Amino acid sequence: MTKPYIRLDKNDAAVLLVDHQAGLLSLVRDLDPDTFKNNILALADLAKYFNLPTILTTSFEDGPNGPLMAELKETFPSAPYIARPGQINAWDNEEFVKAVKATGKKQLIVAGIVTEVCVAFPALSAIEEGFEVFVVTDASGTFNEFTRYSAWDRMSAAGAQMMSWFGVACELHRDWRNDIEGLGQLFANHIPDYRNLINSYMTMKPVK
Amino acid sequence: MTKPYIRLDKNDAAVLLVDHQAGLLSLVRDLDPDTFKNNILALADLAKYFNLPTILTTSFEDGPNGPLMAELKETFPSAPYIARPGQINAWDNEEFVKAVKATGKKQLIVAGIVTEVCVAFPALSAIEEGFEVFVVTDASGTFNEFTRYSAWDRMSAAGAQMMSWFGVACELHRDWRNDIEGLGQLFANHIPDYRNLINSYMTMKPVK
Amino acid sequence: MTKPYIRLDKNDAAVLLVDHQAGLLSLVRDLDPDTFKNNILALADLAKYFNLPTILTTSFEDGPNGPLMAELKETFPSAPYIARPGQINAWDNEEFVKAVKATGKKQLIVAGIVTEVCVAFPALSAIEEGFEVFVVTDASGTFNEFTRYSAWDRMSAAGAQMMSWFGVACELHRDWRNDIEGLGQLFANHIPDYRNLINSYMTMKPVK
Amino acid sequence: MTKPYIRLDKNDAAVLLVDHQAGLLSLVRDLDPDTFKNNILALADLAKYFNLPTILTTSFEDGPNGPLMAELKETFPSAPYIARPGQINAWDNEEFVKAVKATGKKQLIVAGIVTEVCVAFPALSAIEEGFEVFVVTDASGTFNEFTRYSAWDRMSAAGAQMMSWFGVACELHRDWRNDIEGLGQLFANHIPDYRNLINSYMTMKPVK
Amino acid sequence: MTKPYIRLDKNDAAVLLVDHQAGLLSLVRDLDPDTFKNNILALADLAKYFNLPTILTTSFEDGPNGPLMAELKETFPSAPYIARPGQINAWDNEEFVKAVKATGKKQLIVAGIVTEVCVAFPALSAIEEGFEVFVVTDASGTFNEFTRYSAWDRMSAAGAQMMSWFGVACELHRDWRNDIEGLGQLFANHIPDYRNLINSYMTMKPVK
Amino acid sequence: MTKPYIRLDKNDAAVLLVDHQAGLLSLVRDLDPDTFKNNILALADLAKYFNLPTILTTSFEDGPNGPLMAELKETFPSAPYIARPGQINAWDNEEFVKAVKATGKKQLIVAGIVTEVCVAFPALSAIEEGFEVFVVTDASGTFNEFTRYSAWDRMSAAGAQMMSWFGVACELHRDWRNDIEGLGQLFANHIPDYRNLINSYMTMKPVK
Amino acid sequence: MTKPYIRLDKNDAAVLLVDHQAGLLSLVRDLDPDTFKNNILALADLAKYFNLPTILTTSFEDGPNGPLMAELKETFPSAPYIARPGQINAWDNEEFVKAVKATGKKQLIVAGIVTEVCVAFPALSAIEEGFEVFVVTDASGTFNEFTRYSAWDRMSAAGAQMMSWFGVACELHRDWRNDIEGLGQLFANHIPDYRNLINSYMTMKPVK
Amino acid sequence: MTKPYIRLDKNDAAVLLVDHQAGLLSLVRDLDPDTFKNNILALADLAKYFNLPTILTTSFEDGPNGPLMAELKETFPSAPYIARPGQINAWDNEEFVKAVKATGKKQLIVAGIVTEVCVAFPALSAIEEGFEVFVVTDASGTFNEFTRYSAWDRMSAAGAQMMSWFGVACELHRDWRNDIEGLGQLFANHIPDYRNLINSYMTMKPVK
């Protein structure tokens, strides 16, 4: 009667970054630009850190939507990159779906701009095809709280799991001992409070 | 166990605009008047753009609820227009239901004032009769966050899908190539940030 | 798979007002005191207007929780009034449950202070016994948004329907023609914006 | 010891619109885009309505700041239009100052993007030269509340008067009898709530 | 270098209620309608309680601005009531100024709708003529925080003192012993939290 | 079709306090530090008051996450205390699960830092193993509203019940008569408004 | 033309705690109860720590305003304690003024409930008599932001300096070396984040 | 009667960065950590860009306040760096004042943690000694809005000018033509929306 605990597995997960484009970024007003930029880059960095297959897609790059965030291009120089000729729902683009399926992964971690369209549409389509979908809510942006919570409600009701980039990283990593330094670095780079903790810690050693 | 992805189809959708009246507009305080007015007109414009059968209804026009927003009358001069003699739930009005059924559409896109009454009541009734209901949350207004989220919860639990006018437009359009200019114009007219993008774009051409 | 539309029926509904006491009111901080007081009195007035059997209950009146709001005592001088000797969940009090069942109604409209205890506990218990429960969210108050939304989530997941006092009044009334003046007066007394509309209207008559 | 009441006089006032450009608009996040766009256009319309000499200026139109809002160009086709070659403070541009002085007016009504730079700098400079400066706070936008209130504090301390476009219109008009319809139209076009009042009113006539 | 403490004196104060009209009330969105209505009535009640000469004025009652709040007419049946034929600044209306001066009071307590116009304009004018002006900020309403704080800044800079209705009542009363019951009743009627305190208190007596 | 009412039973409940560590506390920004500290200590005090078996766990105490809150160590000097060597999900730590199971309780009351990781992961795991999970939302903290509501949604969809510490205390206690003074003291210590009520009450006695 | 820097001097400062009573605390809604209680106790602790003469006063203790916060009585068992028989402005009470003057201090640190009355009135009176007044804004509470900022504006315009309890403590202490442990303890007791820093620090020593 | 326009001059300005330390950063809760970190680094980068003499100071680096932000140390490797042995007001430290005076500059741009202490105290002291002080409000952080606005009020009343880092950069630069690329890079690095504009712009060229 309730959703089972489907847990992220770093061996079975791929990341879909949908329409994080310079123009579309100016539409996002449900979180601070500094925070949003940081969240997107954090998600990108974790995708790279865990070696998750990552797929980039954009719509109308040459038009007002603008080019993909330069940082994403640099982080994933050899990732599949589908500049969609017109389909709004990335899942309507065959090449995109093919790239997703080519990863051989069953779990899809999705983020994009704007939440109720570029994230929700492919998320809902992917669920229909049997994928397990994890929406990274804080790396997805939209106009305001109306559109944000409407989109979350629609995706959650369809079976998607709502997560944050930090939750995704933690669930993928499972155990700090797998790599303390690597994960610590990821957090220090993207959570100022965590960086402060580490900086203070680095100048000290345990009493005893 | 979860809701399937029921996708809006421009060939199978009708729009119900319920009680967007001058007096009732003054009751709406869960979003800014400028934004709310814009959202309602955006929904009206998209209904017209996609040639969706649209039904207008009001309650007590001659009383304090006031007349229908003039812009809606102008946008839909020949739409069915049911001035209900007293029924609060538009679905209790036979003429209204008849008009809805006469469209022959199975998907109903609903917005109105106030959300927990004029939207929720017919939405819940329509679901009971087998319609697929899409609530345009940002073209519907109410007193405050208590009443907004109570209404959303009741409708979502009953199977309605929560959407924004922008999400509705995108899901109906499916592919930009169906008409780039038309959709672009709709967005430019109702999303200032999008208009800025287009204006900047128009003065430039791609580097090559 | 989703909740059916269970509609309020004025012939089958009773109202439970749980612990609206002078002391407990000072704990409520998730809405303005003026607004909260107004919402409670609006719910009381609608209960009286629709002649719904109404049950009052309090906990520890002689202690710091303080006496019942004086206005409620005045509005319902002959309603069952159960001053519980200690049970926190009103449904654990036999006399209260007996009074509820004595109404012979199947639908329970519930409000109280604080939402996550005095409302949620009897609401959950009543659902278990087969009652249809409608929570009046804006006539119920609590400490903050954490406690409010936690309580709503718990009750909604159990099958309660979240409503506002205005939604309750409208769903009970069904049709303005049943009594235009009475309902109009109820709204004018408890919705300043509505009163303004009516006041303006009263000084005018339709152009013809 | 306190500022005297310097009152706007439609015969002695000019309007300065500073850097309302498509690109810069995307930086503004201290008010909703719909509301901000409306406020700017309201100020433009009132400038035209009162026949106030109006001066347009931009910085770097050909660069990322983007072109002037198209509506402003259309509203003021023959206004002095100074595309500054580089000066950030418009008052550092001789041509701009010359245009201001050419109006022969002593009172300057200023708005722009962003508040703490494009508005504050010329406002402070103009005060130094003896002008009376009225800042239209709601037709000026910036990044957030830090920057907004810092800018207001700096300008107010220097002697500028903080106003809204509505306050400016009312202070210039002085008496409704000067032109009821014209001012009413201005308000109806830019204040949805006012439009509702007028629309309701138009369908009615006074009782008696 | 700073403002002296000019203290309200019940023998030297008059109250000006400017444009609290049914239509204009719908424009006010910087505080909740329930709270705002309560604040206005509290100010009216205190004016009556302290027997302060009170002057009512409205603009365009027969038009969309709508009639004066009915409660104010009832509270002050024989107060000077100036229905201004067109002047926006009440101080521009000779009859109004004459009525103010006829009170023979030097201190003016002012509230109205909207803050930046109907309150600020006469407040600034009155200061110029040597009156001591006390603005009742919470019985005055406007569109939003931009317009509110701009208006406060302009009035404060000119020498007006910003107060609340509660502060006004306390400063006029000076000493509870002048009339405990009367002031207590005023507070109980308009501050729900205070009423709760009193209600709890009434059922108890001090331990001794 | 909806969740049944699973009611907390003080004879069948254990408390899990997960990662309330000095360093991690600095990451929490979705509620005020004073309030959060108070909520955590309130939960600890109620666990002790009801003699609920309580399990403490931390991650990386010697690193930047910092030591467990000193107050928790003092309140539960002999509770199982599992300093996890690296597992992020406490449920992945065998010793922790063994401690939980050793309590012999079926109901788990869970709180921790941060909500979407240290609370959500073990909550989801525990539900999978058949435990009934009650999340204490206001004794759990995280970065912001995105992460908070994403976490709540995920846990609620999986069957967890969202509660507050106050709701937990009330549901466990059932009847004030079980111990008026004890529960009153708990509330007075952690709810300033309740303490005020009691303090006022203590100086008074009922009239009659 | 601007206020000089009048710096708090621990040898020349007294503290006035005005009407922090159990009943009045329930009126305060412009900050969280946990935070407000903490701020008041922090101010009390710092007054004691710096051995500042402290004066307690209340109004109507036996009535609904309720008794003084018990913690204040305990912290200052032998402080002058003036239970005013009726004067609202404590400065109107001769005994209070005498107690203030008996301290021989020129600087007054003032806090109380509610800000616009119990703080503002004696603050303004004291300034008139030549005292230097420092308002502890975060240990003073009131109904909402209207009343808070109106009161701040009135006091600041009259020459009072707006401070926080933390600022007061720091300005009085001047140099950590005067007593590191004492001030550190004060901060640890009243700033959870500071306590966390200290707790983490205590388990470590500097790397060298 | 009002403050004159004292304009920042890059040849006469120095920057004081006061106590931006890892531990103290965790106390700051009046702006988002991502935004605050960005603002501090933006101020640092602009100081370097304009070659402004910059002075770093900290308090108790070896204690819980923690080390200076690593980025600041790296940006200003050879700046005067005064680790104060105990003075809370940096201006009480002779070495610090000597370093300030050694710059030979009259204008001081100040930021730090927390606003009401580490910024306000030296700002007030510097004004007393005749310096012109510019507070960078958005590169200074504190506990909450009470402490923020109290501090701003105190500093503004004393003659300090409230600015943002963006305003500082613009006022120092005066004219884009002095170095378009350099300033553009500074903005692109610290204003995501500006970076988006530039990125879109880079892929395009003007039509013509």
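To keep things simple, chains are lettered A, B, C, D, E, F, G and H as they appear, and every chain counts its residues starting from 1.
To be clear about the criterion, a contact is a pair of C-beta atoms (placed from the backbone, for glycine too) under 8 Å apart; a residue touches a chain by one contact, two chains touch by 3 or more.
As the structure is a computational prediction, the values presented were derived from the model and not from experiment.
Asker: Moving step by step between touching chains, how few steps can get you from subunit B to subunit G?
Answerer: Between subunit B and subunit G, the shortest chain-hopping route counts 2.
Asker: By the touch criterion stated at the start, how many steps lie between subunit B and subunit H on the shortest route?
Answerer: The least step count works out to 1.
Asker: Where in F-H, A-F or E-F does the B-H interface recur, with over half of the contact pairs identical by residue number?
Answerer: Selected pair, repeating B-H: E-F.
Asker: Could you give the separation in Å between the centres of subunit A and subunit H, each centre being the mean of its C-alpha atoms?
Answerer: The separation of the two C-alpha centroids amounts to 34 Å.
Asker: With chain centres taken as the means of their Cα atoms, state the distance from subunit D to subunit F in Å.
Answerer: Using C-alpha averages as centres, the distance is 54 Å.
Asker: Just how far, in Å, is the C-alpha centre of subunit E from the one of subunit B?
Answerer: Here subunit B and subunit E have centroids separated by 41 Å.
Asker: By the touch rule stated above, which residues of subunit D touch at least two different other chains?
Answerer: Expected reply: 1, 3, 23, 26, 32-33, 62, 66, 144, 191, 193, 196-197, 200-201, 203, 206.
Asker: So which chains actually touch one another? I want all the pairs, not just one.
Answerer: Chains touch in the following pairs: A-B, A-D, A-F, A-G, A-H, B-C, B-D, B-E, B-H, C-D, C-E, C-F, C-G, D-E, D-H, E-F, E-G, F-G, F-H, G-H.
Asker: Under the stated contact criterion, what part of subunit D meets subunit H in this complex?
Answerer: Within the complex, subunit D touches subunit H at residues 1, 3, 23, 26-27, 59-60, 62-66, 85-89, 92, 114, 116-117, 120-121, 124-125, 127-128, 143-144, 146-147, 149-151, 153-154, 157-159.
Asker: For the complex, which residues does subunit G have touching subunit C?
Answerer: Within the complex, subunit G touches subunit C at residues 26, 29, 32-33, 144.
Asker: State the interface residues of subunit E toward subunit F in the complex, per the touch definition above.
Answerer: Where subunit E meets subunit F, its residues are 197, 200-207.
Asker: Inside the complex, what are the residues of subunit E that reach subunit G?
Answerer: Against subunit G, the touching part of subunit E is residues 1-5, 7, 31, 137-138, 152, 156, 161-164, 166-167, 170-171, 173-178, 180, 184, 191, 193-194, 196-198, 200-201, 206.
Asker: Please give the residue numbers of subunit C that touch subunit E in the complex, ascending.
Answerer: Its residues touching subunit E are 22-23, 25-26, 32-38, 62, 66-67, 69-70, 191-193, 195-197, 199-200, 203.
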